[in-house]
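Down below are the structures I want you to see.
One chain, chain A, links the two complexes that follow: it is found with chain B in the first and with chain C in the second.
What follows is the complex of A and B.
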């Protein structure tokens, strides 16, 4: 976006933009030419309205999981990131192991493991929603740990030395000197990550049969024998919200960097 | 005066005027194979102003940073007002409350106002109330000549003003010793004087100061002693009149011929 803006005036930039649109147009034409028009004409979206209550409730679950991933992820991610800077090596290893395990296994595998294997191991049974909340929270914490660690390491060494030289207690050093600028630096990265988790909630829905927005849309399909319309509708909702959230994040990022020293 | 650490056997003992307050015995610092400080011994008495000069890489800053525990000690010991280093976390913390430090690059907390920079340490490390800390901050900013800037942010101040805030921030802890690590090296020439004036006033008020500096004029006028450090050793320890008139070491002569 930024590049297109800065290069729009130049001849090359112009050619680039026209080329981009031409390709889009060609692809669109190809699709239209090959569409099964009989099928397309049979589409009707109006019946989705009748399932609005179920869909809104499902969207509430999706929102709950998204916000939970954000809150739990940032909270534990921050704590783990602090642990990753500890002079105590075993603590650093523990954090590193946690991050690697949860970032390098598929969310779906984690969710199924938590929901079906963990009860056998621990004897504690959870509902699908609770398993989903735990699973997405654990994975969010791993991703946010890495983001927060980057933010912490971007704080100039001199800030920490000044805090040490003043004799600030370790807690104050973290809460007042290191974390505020660290968090400010990574706010855009945190929000972008949360947009990813907004989409990942669909995996919780399908994998654990939690009635989130996506699974609710699939239920509409089963109920009406119309498969394509609810799916398309769900995709459109994710697209519009994710895209809009991305734009807000970009705007916030620009404002934050403009205010920088 | 030293309400901290009375309970510790290894605690501040309240050195009086003329007593040694910083004692260094055979202090060694290594970075890997490189010996940055090679058995440095010296002492600084209460109220003394000591300037440390010498070529870069000679160990001046490292030595200064060891006095408040920013660098670990690999051999020998440093005693600050009765507190022995190397020591535990608590000893280092106690030393840091007695010793203020001013850095070359100011290191003000950029996300805090000048006021917040000044009251943070007194409130969290000294247990001062908000009102007391505020009064102290205002008084100290007046003293360094920028009382009207208290609610600004560091980025809104000039380099000279930022360094004066940094000095006030260190003083807010009421330290018994002040360390200055090339406090004017990052400043534009027209701002050096305002910072040196504050330091001069501080010296006249009786503050014990160790100053790593390239400002020979300041060393000549304000210092009681000048230490010349090179290759990790103190090669010369002399009053400024003698230090600048008759070189007693070849490297000192070489150094002086380059900068004077």
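What follows is the complex of A and C.
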């Protein structure tokens, strides 16, 4: 008991002393006892197969939004991050304001604003999907700007100064000296961010009623009056994909940091 | 296009009401997710055993599932599964606490592991009861370490409350949509709530960033 307490996992020893496992077991038993077993026994996942076309189409929209967030985000994020390093102060302020506005308001508010308020400003009506693409692209650009900026600032100053001393033109300096190592260091952060946007696509689906994967699953529920099966199936798909992508990113991150040493 | 400020001023009590709902749901969820997070963190800190595996599974489960999927799932499935009536607000708090618990557990773990091991060993060698070690040796420095991450998580939780509009909780977006459909002043109300969210979240995220920098400077890495 004392030895258990000497490790940093002191709380581990604490857990055993409190009969942590007993509490967990009791909680599990309580949950199982209160389940609506008649309902659980009537579960039937087979009918989801009949809606496969709708679900696959929905998944296509989800993928489209995820990939779009990545591409638009990295492109504009890199551009804005370069802007944030500009010697011209108003440009820096503009980038900072953009990033702060889009990072400090909820995505759903941005989406609703773009879908319902922006057409009043521009006079152009956008479909829900287009609004979603614009909204998630704008937010992705803001988040990726921050990541790229961190990457650029991690490039040793000496390298940038050396490029300047050699008289490399600004364009070459960015494309050949600063950006390659900057992007390399932030690849795991970029991927993690894109997993977040994969999760956020469900907000586009429900918020703007775009038929993405999750909204399609919800429509299957409304169509069949079976709520638990389609929603649990959809949640499981998000869970498995998000979890697996997270694991790959972590492995890639470990490999990249090992390569640096 | 015209921007009618008067209509916002006319309906500002409703908007403030929505902001208040968002804030109290965040507060309650923060407290509940701290409790969940503390329990999961204790499990996670063990090297092996059922509790450790269960805690890891819990964290993976709730961090990999999108918040909105979780909220909708809890709203539609939980009352059916357990044959209980929970209500919108109950569902909201359950979903946010379950989701928050996973993040809080990781924040707590980072905080506890940041406490130098020697201090805990010294306290243990002095024969101080474990409860006092936790309260006097681990928690005070861990809190300082966790503050930036905690405040950061608070901003995430505030942003997540916006999703509750989709299950009919009368928070800011729900209020703005209702007022918008009543007056057709979508532009004004959506802009107003964006400003309100920004005014609540921006100071917090500035604080989190500053605190993080201060901590990095102090620890020197």
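The working rule: the second predicted complex is superposed on the first by the 230 of 261 C-alpha atoms of A that agree within 3 Å, B and C clash if a C-alpha of one lies under 4 Å from a C-alpha of the other, contacts with A are read in each partner's own complex, and residues count from 1 in each chain.
Convention: contacts are C-beta pairs under 8 Å (C-beta built on N, C-alpha and C of every residue); 3 or more make two chains touch, one makes a residue touch a chain.
Here the structure is a predicted model, which means the values were calculated and not measured.
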item: Touched partner set for A:181, first chain B, second chain C, both or neither; value: first
item: More chain A residues in contact [chain B versus chain C]; value: C
item: Partner chain in contact with A:158 - chain B first, chain C second, else both or neither; value: first
item: Touched partner set for A:168, first chain B, second chain C, both or neither; value: first
item: First, second, both or neither for A:19, with chain B first and chain C second; value: neither
item: Touched partner set for A:206, first chain B, second chain C, both or neither; value: second
item: Footprint overlap on chain A, where chain B in one structure and chain C in the other make contact; value: none
item: Chain C residues within the chain A interface of the complex; value: 1, 41-43, 45-47, 49-52, 54, 60-61, 63-70, 72-73, 76-77, 80-83, 112-113, 115, 117, 120-121, 124-125, 130, 133-134, 138, 155, 158-160, 162-163, 165-166, 172-173, 176-177, 180, 186-187, 190-191, 193-194, 197-198, 201-202, 205
item: List of chain B residues in touch with chain A within their complex; value: 68-70, 93, 96-97, 99-101, 103, 105, 107-112, 120-121, 124-125, 155, 166, 169-170, 173
item: Chain A residues touching chain B - in the complex, by the definition given at the top; value: 156, 158-159, 161-169, 172, 176-177, 180-181, 184, 261
item: Residue ranges of chain A touching chain C (in the complex, touch as defined); value: 2, 5-15, 17, 20-21, 24, 34-36, 39-40, 100-101, 103-110, 112-113, 116-117, 120-121, 199-200, 202-203, 206-207, 214, 218, 221, 227-228, 231-232, 234-235, 238-240, 242-243, 246
